[in-house]
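Next come the structures, one after another.
Next come two complexes built around chain A: one with chain B, the other with chain C.
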Partner chain A sequence: MSAVIELSGVSRWYGSVVGLSRVDLTFARGVTALLGPNGAGKSTLLKLVTGLLRPSSGKVSVLGASPFANPDVHRKLGLVPEEEEFQARVNALDWVEYLLRLHGFDEPAARERAHKAIHDVGLESVSRRRVMTFSRGMKQRLRIAQAMAHDPEILVLDEPLTGLDPVGRRDVIEWIRDWGARGKSVLVSSHILHEVELMTREVVLMTAGKVMASGNIHEIRRLIDAHPHHILISTPEPRRLAAHLLEQDGLHSISFSEALAQVKLETREPDRFYELLANYVLHLDGIIHEVSSPDDNLEAVFRYLVETR
Partner chain B sequence: MSSRVSLVALWSFSQLLFSPRTLGMAILATTPVLIALVYRATVALEIAAESSGPAAFSVLSAAVSLPFVAPMLALFYASGVVTDDAEAGTLHYFLTRPVARRDLLFGRMLGNLTIVACLFLPPFVLCYYLTIAGSGWQELGSHFPTLVRHILAASLGIFAYSGLFSLAGTVLKRPLLFGLFFVFGWQAAASIVPGAVRYLTVTHYMHSLMPHESFQGTLAGLIGPRSSTPAAILALLAIGAFTHAIAVWVFANKEI
Partner chain C sequence: MPLHDLSYQRFEGARTSRLARSLAMARSSGSLLLRRRSFLLLLAVSWISVILRGAQIFVAHSFPDAFPFLTIDARLWQEFVSQQVLYLPVILIALYTGAGAISADLASGAFVVYLSKPISRSDYVIGKALPVVTALLAVTLAPALILLLVHLFLAEDLVLFQSAPLLPLSVIGYSVWTCSYFTLAVLAISSLSRSSRVAGAGFVALSLGGPIFLKAISRLPIFDPPAFLSMIDATVDSGHLFFGDVSAGRTPFRSFVAMAVLMAVSVAVLRFRLRSAEVSS
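This part shows the complex of A and B:
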């Protein structure tokens, strides 16, 4: 499949700070997720793709052209910026309509499309309300409406699930998958792994301005799972729980602290241990208060990847 | 003018029209009207002579409207030509639309200039009426060329100031501070420094366009030597056109 977006040897510096370093990537049609902790370079990459920034070196090509200040590229592009605001006194419908007019739609067509986009994101009942009165979740829906209203070929979403409630998250994930299924190119950034897994199988892992890995999310999962997984358990009986866990195979290491009321273990079979702990909750009444994993955050995932390179 | 430019201009104008900034600027713009009303009251109470109307209008224009109200209006709108959207967080929406950046900025500038004109001109003409009307309709007519020259000076001055402050708005993060320094620091200092420094101000050319009879006594001493009318017109047009053009060029190449 031909590349819709192409970055060849792209670097971007902000003075002496490296935003992106020698990135080579191609994005085809479908959904691709940029995954990385804050400061990984995801937003810089998205700004380069949407033509808000120019690369310090290398070449960015979107639909065969440089996107910087290029109306031909922008005609086919929709952007959901991260945490961007709106003009204070404007209502949702007028805002989307104005942006559609800037796309070249005449007034009746712009109004019709604006109505549809507002309806599609579930803001119909508040379409005449001033945006300044919107909740964070409603604003995020409006950002998505303005990006999709002109039916772009490429949709770029910077942390689109920020500020959304569970229903909003589900809706947005569904829209993103639907856009990908319709043959559009969707580039979405996130720092939450399990959210990304619901959207796509294609991921690019970034950290410190570099691409650490790219490809199918399952391969990356396997790579991660090859390393011991940490599980932290809060318990009123750490000694007793540790004794139970010690009987299990697949345990890499275990430690407990009476003072902190916790057990810490390492395993290469996290799924089996999570299942086991769920059984303990059911059968060893009150022994487990909370189960968490420091590995759930992306920084830990990237530490693994950096160590393996 | 392209339809996108007029669309942006109309949108900018409508967004600014009912903004708190416009309310504040409307109060500023009507200050000369209040002074003119006070003058009318002094005439009614026979403190001032009726025949002093034309001189009162000239002083009001030369001391308040042109050196203070006009640059303040230009500053508060033109300096926000980019920073308004940057601060509101709406710039990304516009810069990823299929509109040439120069059209976006032209539209914003046009919207700003329109609102400045709407705020400046009606109170200014009202001042003319209030100060001279007492002398009768014939007086209003006979002094009309004076009004035209004052309006010409104000319009060209606003154009020049707007270009300068628009440029500051595209380059600087705090363009308002630059503008305040330029108007009240640099221009004030340059007007009292002997030599050619006054040619580096907008006020010099605005004053040069005002009718000669506007400057008598102390006021004439403050203004100093004047440039010829064609030179002043050309200078203000050149400052406005050049600074607007540079602002557009900077914005077209600006990274966000």
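This part shows the complex of A and C:
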């Protein structure tokens, strides 16, 4: 499948600070997620793709043209920025209609499309309300409405799930999957792995302005599974639990504290140990108050990947 | 199973021109301004001088013998536009409409949304400048032309136009020049800050600081300070060029050049500040 977006040797500096370093990537149609902790360079990459920034070196190509200050490319792009407040006195419908006018739609067409977009994101009942009275989730829906109202070929969403309630998250994830299924190119950034897994299987892992890995999410999962996981267990009988776990294979390290009433273990087979703990409670009358995994997040995976490179 | 063409038929209908998009931006800002009572009040106050000048024209025509000192000549229109600057309506309206025009977009992140739309940075600046310049023309050019019509209606002859045939052009030129000058200055200052208040304070300092500075140094016996050091004095002084009365001004040509330089600097500041989304990130 031909690339819709192409970055070759792209670097971007903010003064002497590196925002993005020598990135080579191609994005085809469908949904691709940019995953990485804060400061990884996701927003910089999205700004380069949407033509908001010019690369310091290298080349960015969107639909075969440079996107920087290129209205022809912007006509086919929809952007949901991470943070955007709105003109305080404007209502939702007028805001979307106004931005459609900037796309070159005449007044009737802009009004019709604005109505449809507002309806699609579930803001119809509040379309005449001033945006300043909107909740964070409603504002996010409005950002999505303005980005998709002109039916763009490429949709770029910077942390679109931020500030949304569970229903909003579910809706946005469904919309993203739907756009991808309809043949649009959707680029979405996030730092939450399990949310990304619901949207797409194509991911780009980024950290410190560099692309660490890209491809199928199952590959990333495998990397995560190879990462020694820490499991923290609160129990009134840490000595007994530790003795039981020591008999098991696959244990990387274990420690316990009677004073803190907890057991800490490290393993490359976390799922097997979660099952063992369940069996310990069910069949050996063990007592466990809480099980947590302090490093079951992207930052930990990134740290691990960086260390093993 | 036959595979169907899954591509989309793109919208191929006519798009409006770039100018129309700038106008859409200007119209949106303009309608928001017109919804504010404080802005309408400011406009109304700015028109008090128009009423006074209208009364002056009426009295001069109706009672020429009783008020022989109320002569109607081209200077009346020059003084009118100059007074709109000197007595602050132009400064206040530029401050009200322009100080937050760009800084608010930078602060809110709306600037990023604008940049992602198919408009150029020039279109954006034009869209932001139009409401400011229109509001300024509403208190300079529009009333000046109305005063001309009032004079035409009341006068029994065309003596005024015989002595100053280019008067309408002078009025238009001086008003447009003045309004463009203050519009570019306030937008440039607005682009330098993400706070409308800071931008407003900067504009007030720049426009009102000049006359205070001139007043202060004119007390020194060293030299006669040139008008172009102050935005307001330079504007008033350059009026003499437009009305063909160069000898009456202090240094009208130098004031005109100084204004042109400040406008060029303002454009350069806008180009530099709005070159990319970095300013709002």
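Here is the rule we use: the second predicted complex is superposed on the first by the 290 of 309 C-alpha atoms of A that agree within 3 Å, B and C clash if a C-alpha of one lies under 4 Å from a C-alpha of the other, contacts with A are read in each partner's own complex, and residues count from 1 in each chain.
Simple rule for what comes next: a residue touches a chain if its C-beta (ideal position, glycine included) is under 8 Å from a C-beta of that chain, and two chains touch if they have at least 3 such contacts.
Note that this is a predicted model, so its numbers are computed, not measured.
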Clash-or-fit label for the pair chain B, chain C on chain A: clash
Touched chain A residues, chain B compared with chain C: C
First (chain B), second (chain C), both or neither touched by A:Leu77: both
Partner chain in contact with A:Tyr98 - chain B first, chain C second, else both or neither: both
Touched partner set for A:Asp151, first chain B, second chain C, both or neither: second
First (chain B), second (chain C), both or neither touched by A:His289: neither
First, second, both or neither for A:His119, with chain B first and chain C second: neither
First (chain B), second (chain C), both or neither touched by A:Gly183: second
Which superposed partner A:Arg170 touches (first chain B, second chain C, both, neither): neither
Partner chain(s) touched by A:Val90 [first = chain B, second = chain C, both, neither]: both
Contacts of A:Arg136 with chain B and chain C, given as first, second, both or neither: neither
Common interface positions of chain A, toward chain B and toward chain C: 47, 50-54, 69, 71-72, 74-75, 77, 79, 81, 83-87, 89-90, 98-99, 101-104, 146
Interfacial residue positions of chain A with respect to chain C in the complex: 14, 43, 47, 50-54, 68-69, 71-72, 74-75, 77-79, 81-87, 89-90, 94, 98-99, 101-106, 109, 146, 151, 153, 182-183
Touching residues on chain C, where the partner in the complex is chain A: 6-8, 10-11, 13-16, 20-21, 24-25, 28, 32, 35, 104, 107-110, 112-121, 276-278, 281
Residue ranges of chain A in contact with chain B within the complex: 47, 50-54, 69, 71-72, 74-75, 77, 79, 81, 83-90, 98-99, 101-104, 146
Complex contacts: residues of chain B adjacent to chain A: 4, 7-8, 11, 15, 18-19, 88-90, 92-101, 252-253, 255-256
